[in-house]
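Handing you this structure, nothing more for now.
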């Protein structure tokens, strides 16, 4: 098992006037080649901050991040950029309002010189269709898309890079379940087909259950539990993890039973 | 019988552009009784948010929008109200939680001052100190850990979920009679989500607030809503009480939706068929759920 | 006394209060009112009358002046010979303004308290005339107010005098802002009688726009315009009832030809242009009303009223022009003339256009070029850069033709803004020198007449018109010196002696 | 294209703007055919008819040497339009590029570029133009050069501030994360979002350029008489107000109409560009 | 707040650097401008010897760096030299003329802000409706003619045909106010002379308005166009959904995020007025620095050129700093940027 990416005692502190915010606090974890590592945790627990640091958007206050064993420099090379991709949490602002969807999607192809020039326009269409949008949306502007549609564009753009590691910050939270299923499927297939590695940030534990290999649970900037998915859902160690699972809204009776069982355990231990 | 808080009848919507008109809503009808929680679920882009924006009267001012049909709030046809009257309803009698919390907060004002502005709608003379106190309490209710800091922050300094909770707190602050919640939980972790949902539920019960709950998280819908409308490409395809609908989905599209939900019991990502013609099958209405004043 | 009477007038640019630096019209107005000179031009005729001096006599090349005993400075100090000597020394030491007119004067010395002797290095007949440019300063007052500087005299009181008056004049400076206005008030202790009707207060404003002056006068908020108003504006003012004040003589409008540059190095070519120029159209262009114009027909190189002026007005003669052109060694198709005009003087643009049209009639092509003053002074320093045609308004600063003609035509002084002809002519040089050494008026008349003739013959210049300065004035003021030829001074600016004006109170 | 026209003609004001611009451009192009006195654009003097108020056949009156103002204005449009367009076409890209680069890159680049801009901005245009004149021949081309030299820093300042704020937007981050080159981020991502402000400023500036050109003519740089120039006509005519009002009013109106038209079109254009392609 | 103070100190420091750059540049440029300053200063009638003497006194025949060294030496003595134009120390001239211009452009700047911005806000708020069209047309008129043409027109209309305002100058002749600050509106108040204050204020209205017109137009139009953009942002919709008063949305929610370009241009316009007000100053016979500046340029009055330009530059730099700070203030994202590099 080789670590594709490893965080070593990474912290991030924001200063904001009088306040100091310790967004990420001494986090160490490895992302293994080919896995899907889910990051779950309460809102504001530093998940996006971790993602941003992995992408080099801002440097960690302390600690190092290594990719394939080498520490990532503050200024990323083009190769690093291609190797690590991000789907941002806020889909509206991540698309340039003045550029067409097609132009935004074509950018990674042009930047990394992917595929023959002439075929790129067609490739954009394929990318859109992969995330369940009609190819002619390439001519639209972000403003005329619904929230979910924008999110899918953002996913398509990250996938276009054909990178090794994709950081997905709540990629499906704005999607309806049908599209979500399709996107998840696509993500899964791509991972298998291309050997991609995902860092998958989400609140949706049902999704986690079905896509992730391992799960990292964050609480207030700290990593409180990191275990294989099976363990998390059958025998969660940390109380916060159990609380999380216990709060999942579910649709079937089976699920309710599972949830109740975990909650019982929790009550027993408490 | 009192009039429903919100009644929508045969609502149509199209956008006019240089390439002609694009129809988005094809005549949808729905209603929400006082104190009722009604969910609107459906695929992304099916017209949920635009419906909400029409109810608030926001789309009416868009020149390219062509709107038809009836929207009545507490028995009053909105189109017969003057702009001023409609305006007076917003933020006091009805309020909305927006889908995209981070861009829906003004980036150049601190959360605190935006909150103050919201509170002034209900209580125009409220002092800054009072507003701050109220806002802190409201933020604490939605489980924001350090409300004082949040109030002193700008939206880009808070996490997505925090922004969303700010939005929720704002929407609830003035105790509206109609609350439109456009995907209020998407950016929240499940514990907080559960907490905000129960807060909303408590509020709804206390003030008999009606809620239009827009979501594609069927789990949340099942736990929160009394009734559910399923919308597909600008048409309502199924309508029933939550329990009934989840237990017995009848429309092909609803069935597809339900089967696509990933389960925490595992089982992998559900297989789904491609878009099927049957999704356009006629609307299914569960027993006792007809639109008021309609036969059926 | 009844309410104060206020006279308001304007001039272009800034007012220089320091008489040692005074050079332009605004400065002259200030100087003639705040200060007095030993002599004054005779009103309505030639020659100079005593003023601060009682009398004077020539002693070889030297001149000895007796001063009046009853004159007091505005400060109360009495006027003595020391003050005259100081004023002269200061003028020489600063070397600015119009000090060059004293180039031939070696020194001044006080013979006694009431007598001054000026020593000249050689015979220089215009000397007495040049004394109108030597205002007498209050030495004691200046010495009390010396500013920082090197040497015994420090700054020669420059800082003080640029903001304060120190003269005997009929008007005292009350406030002075060189860009805005100078306010003066009547000096009650003036040594001559001043009529009660002379203005109690005078406001000399600077740099008002033509349209502003036009409006102010029409609204009765201004009394006398500067002479620099365009003819159309004067016309409009005259039309709305303003009176026209007139100052004649002393200067002319010259169109100068660069004799150092082909084709104007050929006299025939120059004569052709001089004959082709439409003199009467030129006058018409500066006309304000029937018989009133900013110029009168030129009779030659010397303005009418000065020694040696010609008698018959110049007229256009196209036939002669063609004949001259035929005799010229250059063919019109081979050259294009460059007609320059000074950017600050808009009327010159019209003259440039007039010439362009005139010359085109005899087949000469030309181009017009606008040249700002600063650039012009630089261009003329080299003959090859000097345009073919330059337009100049020149005047005799002391009223004597020497100060007008010598700087323009003497070969030692070529290549200045006054001499863009770059003329080199032995006969002209000789006559110019003779004109400033002979003293007998008749002899001077003959010398300058000969000079005029020579200058007509070799035509370095098109003598456009004799200048008449016109000022539009409200009817609240009477200015005999600028309306009645018998009261006129033959010196620019002297007509603005406020003590000779009358406020009519309308 | 179809869409652009749709937007332009939908709004009566934009349509008016389009009409005015067309009018101005056509009169400039076809001055030879429209002008009643085509020779009056050159060195003609007619003292029989000078300084005449508007009356047939001199619909706008005559100037101080008797030339038909209407004809001269038509010809003046040529020079003015040429000047305005050339200056903006040269100055705007320079200014915008520097502003974008400084605003986006920050750090030392920003520091150096903005301080240079400050230097240029803080030297009054007249001084700059005069010094140009000391170095160059007074031709139209050099006149344009001088105006360009004083024009670009304004755009730099404007765009710099815009870029600084756009830089914080999510889409810039997205492009950076993808690995887009700085040039791409600057010109393809940020620039389009600054275009509305730039276009507004540009259309506003067209008139100012025409007018600045007049102060250059005043200094002897630029258009030389007898070639007509709107700015100089206005500036020179102002001396003769209020009596010979036509000397100022008509050239002034001519500028007004042109600038007005361009601004209306600019507004509309901004709407088109604003919605992206 | 310490970070602001630090930023300010840094900006002021660099501004000094820029000022030194400007001084060198302007020093060289002033000498490139054609014309012999000595000749021009001495007037048309001066002799060749006089000119030579003057050149000597001004060190004009030395090498440029040597001249600059003399200049720097004098600057450290607080001496900018003597103006050849007014024959007074340049510092005296500037001290006298600067307040007049400053007063004028401050009022004009105020008009730009107080009239231009609200007009822009109103137009954006009623975008597409008649108020918008009216404002757009009026402001367009304002920017479609140069300020001095407006000056002439305003003077003709409101001082000549309809004599509501005074035509020229800063205050009526009958008032004698001792200069303290040089700002007549302030000095009259200091003197406790209210009627003089009213008179001075009355004098400033037309010239300031003429000067401000194009700035008002620019500010209004830029504000409008940016606000129209902002109106598409989700946070405006959110404000509308809360039923905030439309006017309040315009003034608060949409206005502040749209202010950057307007502020930049107003700042630049304001600073540029110092150098560009000369024609308006000429029309209204306003004894200001701008007119002085142009006069000294035309007369190649080296010391005065350098002095005036340095003052104007300093103004520019100050305004730029203020604008940059304001922009950082209204856009907290710039202020709180966490990004590296």
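Going in written order, the chains are labelled A, B, C, D and E, and every chain counts its residues from 1.
Simple rule for what comes next: a residue touches a chain if its C-beta (ideal position, glycine included) is under 8 Å from a C-beta of that chain, and two chains touch if they have at least 3 such contacts.
Remember, it's a predicted structure, so these values are computed and weren't measured experimentally.
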Partner chains that chain B and chain D have in common: A, E
Farthest chain relative to chain B (centres taken as mean CA coordinates): C
Chain pair showing more contacts of the two, D-E and C-E: D-E
Centre-of-Cα separation between chain D and chain C, whole angstrom: 43
Cα-centroid distance, chain A relative to chain C, in whole angstrom: 89
Separation of mean Cα positions, chain E and chain A [Å, integer]: 53
Residues within chain B bordering two or more other chains: 100, 103, 156-157
Interface hub residues of chain E, defined as touching at least two other chains: 33-34, 152, 156, 160, 234, 283, 331, 333, 336, 339, 341
Contacts with 2+ other chains: residues of chain A: 14, 16, 57, 90, 92-93, 143
For the chain D and chain E complex, residues of the former touching the latter: 13, 106-107, 111, 115, 118-119, 121-128, 130-131, 133-135, 154, 157-158, 161-162, 164-165, 167-168, 196-197, 200-201, 204, 207-208, 211, 234-235, 238, 241-242, 248, 252, 255-256, 259-260, 263-264, 267, 270, 274
Residue numbers on chain D that touch chain A, as the complex places them: 169-171, 173-181, 184, 188-189, 192-193, 195, 273-277
Contacting residues of chain D [partner chain C, same complex]: 43-45, 47, 51, 64-65, 133, 138, 217-220, 224-226, 236, 238-244
Residue ranges of chain E in contact with chain C within the complex: 33-36, 39-40, 42-50, 53-54, 85-89, 93, 96-97, 152, 155-156, 159-160, 163, 167-169, 173, 282-285, 287, 291-292, 295, 298-300
Footprint of chain B on chain E - complex, ascending: 128, 233-235, 237-244, 246, 248, 252-253, 256-257, 330-333, 336
